[in-house]
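In order of appearance the chains are A, B, C and D, and numbering begins at 1 in each one.
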Amino acid sequence: MTNLSPAYVEGTTVLSQERLTEDVYRLTVATTTGGAPGQFYMVRAWEREPLLARPLSVHSVDEDTVSFLYQVRGRGTELLAHLEQGGTVALTGPLGHGFHTEELCGRIAIVTGGIGIAPMFCLARTLPSGDVTVIAGFKSAPYAVAQFVNLGVDVRIATEDGCDGTRGFCTEIFDPHIYDMVVTCGPMSMMARVAHLCAEASVPCQASLEAHMACGVGACLVCSCATVLGNQRVCADGPVFDATEVIWHA
Amino acid sequence: MTNLSPAYVEGTTVLSQERLTEDVYRLTVATTTGGAPGQFYMVRAWEREPLLARPLSVHSVDEDTVSFLYQVRGRGTELLAHLEQGGTVALTGPLGHGFHTEELCGRIAIVTGGIGIAPMFCLARTLPSGDVTVIAGFKSAPYAVAQFVNLGVDVRIATEDGCDGTRGFCTEIFDPHIYDMVVTCGPMSMMARVAHLCAEASVPCQASLEAHMACGVGACLVCSCATVLGNQRVCADGPVFDATEVIWHA
Amino acid sequence: MLETTLCGITLKNPVIAASGTFGFGAEYSEFFDVSRLGGICTKGLTLHPREGNPGLRVWETPAGMMNSVGLQNPGIPVFLERELPRMRTLGTAIIANIGGGDLEEYIEGVRLLSNVDGVDIIELNISCPNVREGGMAFGIKCDVAASVVAAVRPVCAKPLMVKLSPNAEDITAMAVACEQAGADAVSLVNTFKALAIDIHARKAVFDNVTAGLSGPCIKPIALRMVWEVANAIHIPVVGIGGIATWQDALEFIMAGATAVQVGTATFIKPTAMLDIVNGLEHYCADEHLTSLATVCNILGTETPLP
Amino acid sequence: MLETTLCGITLKNPVIAASGTFGFGAEYSEFFDVSRLGGICTKGLTLHPREGNPGLRVWETPAGMMNSVGLQNPGIPVFLERELPRMRTLGTAIIANIGGGDLEEYIEGVRLLSNVDGVDIIELNISCPNVREGGMAFGIKCDVAASVVAAVRPVCAKPLMVKLSPNAEDITAMAVACEQAGADAVSLVNTFKALAIDIHARKAVFDNVTAGLSGPCIKPIALRMVWEVANAIHIPVVGIGGIATWQDALEFIMAGATAVQVGTATFIKPTAMLDIVNGLEHYCADEHLTSLATVCNILGTETPLP
């Protein structure tokens, strides 16, 4: 899928804000700027504080809306959660290089931890559903999985507290050998584990990385991650990288 | 009237927010902390920015509410204007020394410029209405005057654009000689003029001064005004001063 | 748990009201039990009374404020007569902050404050940026600062804490010089020399042109300075600059501060210091610390950058 | 109206993208017409490529941010080959910002940049706080700074602008020293050395312990420094530090800056510099100014405080 080029737009209208769990929300805004799976926006719903915008992946997209799925972590996401229908946000995006969808064929595993599931819905929509398995780990109650089921995608769940699916980490119910391609997003430690399993099984893996960002567009170099090609910018060279290129323990 | 002692209370509920003109609002909050005429509160309706709270006079008070009458001037008052019923503010107050009501007898003139009318309603309520004349100046359309009329107080209006009452400044329709006591609040230049007229006519005058404030409680000394007694703190020694003690051109 | 010893004086806790932001302690007594504080620094005192600076005295900046009070104070004799007796009833340590126009004024001021009961520590302000002859010159160059400290040391019968300016050429060298000249502790930082311009009037906002910047905006720089100084001297360091929460206070302690002072945050919330004391108490309880000393100066002395 | 001459180079307007915040100009071309800018400073270049610092590189503070990028760059030869040709198509002045580990690296780097078309000004960064040997040491002491400037001057065929550190012991004396050593202009300030501590991990947030503070929080201090420097030297001053609006830019100009650089504000709003250019244009029109020079350095040289 082609990565779209970005714009900066203030005053984008909030169409809906849904609370999915205690701390997970889905925000839908009216914009035609779109986005490919794995691309993200820098989102700002406040004037001066915090200083920087927050990166959020495109969760779902259509001609004139974009949705974000996000978890409240700190001040920025807390302010996002205060938004109501009719409110406005400033958006910079879509940004970055998303998933290499042209490489995704055969049996595909989508392995996610927690809010790492966010970018996967718009990805799954572009894939032939019968070939896709989502293996999603959560701390406790799962969220945002029904929509995958609706797509006809096979969903397997692991929860740390055992409240749903298998008790434990998603990496424990993930066997790379039965897939041709793997994509992953979640905490770095979890993705490192997925990358390791895939490397052992010689299965290609695309990982969507996280980093603290300032500009989000590739200009400031604060979001670097160590790769075999040297330091790369998560925002502009990624966020999606070939997992074998990432130096996971750097 | 006795000046009440202050408290700091967060989460005071907004009971109503009325817009009186383009940029003048009346905010009523649920608090039992009260206030004497001329006392004020440090008001904060935001978390971090602007840094400091804003001083607002007690406009009206009863057992379990306090109202403020304010004009949007900058960022702080703009944020106040965004408050809606059910919202909350942090209040420090009531603060300062209000009008010396025990001295107010005989024929009393209340001379105000613009939003300087704010502290006068709760003052007028404590005075015998037949003895009081309000002489209020405005740039354009007057506000908050009907309530004085309802008290039975005589109200005379001057507007700079002549849209109501006499065209010109309120000081032009104010003759100190026909009063026994004068109280004034408004822009410093206007109060200086009132003070001058009163001094010439040997009529006692109480003026409620303005100053930029930080603490509002007398601890930081940033709000000083020059008086014949030396520098005084507007927040703690005032805001109401004997006009003859203020050095108006300092 | 929070008890702290600062140059021989026992403080209930390490949270002290910063000079010039807490008057003489009476004002905020209406809002909270000020005896719960570790101490109170008086408004900056000078031998003779001062009217302070004319013109506007306060201006807001992003996450900060500038002030140009200019050491308005009743003078030390009036302080001793009228304010100190009342302060002594507040139930917390009293730190007399003293400024001065010249060396003689400092010496005479310290002498007067030394002779009275009820002043626990003398804080020598060599760093006020808002007075023409008022100490800034003393706070820039190490040798000048050392000479002031050396001059007042013989007449100072109380613990002597020297308050350093972030405008000093080299604040670490300055702290070392003060230690060598006989200081019992240093406190830092005072306000940063800053400027604001009224673009409509086309002139400086303040009559004095520059004024002192304080508040959350300066915290990251102040914290760095405290860390550098704490690793360079052997006497206690009191951390100051933009502290608004218990987490901020803890950062200063971890950077090497024995105690902290809180200024601007009190304007934002009168009870801010109480929250800080309570927050530190909970932190110690949660982390099973018997004393904050356990987490004091834990970054180590290694300075990776020149 | 806004046309500005900076050491012989004509800029469309006085608004320049600050080094390290605008890449090599390509990234933000997607958001606005960067040819409307007065100029662009490149990311800090060094003779040899650098990977920059490991660990976290950014942290937010009240009204500011700290960064620890550490001069990651492809090296001057690669810059000249790959980035400069593209930059030259952007239609704005190109200012090559150069850092260095040692004197030799500075000299060789300046020599390389001097020999090419398309670089309009060389900005000598003697002030980056984020590289171990990377210039900070050069940016603290006047004599060291002067020696670097004197050393590169003979090999520098372009206008030479020296970027000063707010961490300098005496930034005014430093500017004077650079002027005497042959600088054609100075730009100030670079970031302030600052510290943040992760209280849960009980260690510094950054691997390097300290990092550089930028953004609106530093504006009042940077403005004061620009004013002091502008009144002490005769070469142009470029003002930098927390500029986010046209009003901020105008304050720096009134304080004596010939031009300004904008860094962090672009992260907050990609088109911030465009708004500043437009705002200054409207200001000039509204005030009937034919040039901003009319309002440059209007506070006067009188320094009421020592």
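Everything that follows uses one rule, which is that a contact is a pair of C-beta atoms (placed from the backbone, for glycine too) under 8 Å apart; a residue touches a chain by one contact, two chains touch by 3 or more.
This structure is a prediction, so every number in the text was calculated from the model and none was measured.
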- Return the chains common to the contact lists of chain B and chain C. none
- Query: Which chains, if any, touch chain A and chain B both?
  - Reply: none
- Per mean C-alpha coordinates, the chain lying farthest from chain D is B
- Message: What's the distance between the Cα centroids of chain A and chain C, rounded to whole Å?
- Response: 48
- Would you mind pulling out the distance in Å between where the CA atoms of chain C average out and where those of chain D do? 33
- Note on the structure: Rounded to the nearest Å, the gap separating the Cα centres of chain A and chain D is 36
- Two or more other chains in contact with one residue: find those residues in chain D. 61-64, 215-216
- Which residues of chain A are in contact with two or more other chains? 48-49
- Query: Mapping chain-to-chain touches, which pattern fits: line, ring, star, complete or other?
  - Reply: ring
- Task: Just spell out which pairs of chains touch, all of them.
- Result: A-B, A-D, B-C, C-D
- Task: Spell out the residues on chain C that touch chain B in their complex, using ranges where they run on.
- Result: 20-23, 27-28, 30-32, 43, 51-52, 54, 56-65, 67, 69, 72, 215-216, 264, 266-271
- Item | Residues on chain B engaged by chain A in the complex (per definition of touch) | 47-49
- Query: For the complex, which residues does chain A have touching chain D?
  - Reply: 5-8, 44, 48-53, 90, 92, 212-224, 226, 230-231, 236, 250
- For chain D, which residues count as touching chain C in their complex? 61-64, 66, 129-133, 136-137, 169-170, 192-197, 199, 202-204, 207-210, 213, 215-221, 223-224, 227, 242, 247, 250-251, 254-255, 295, 298-299, 302-306
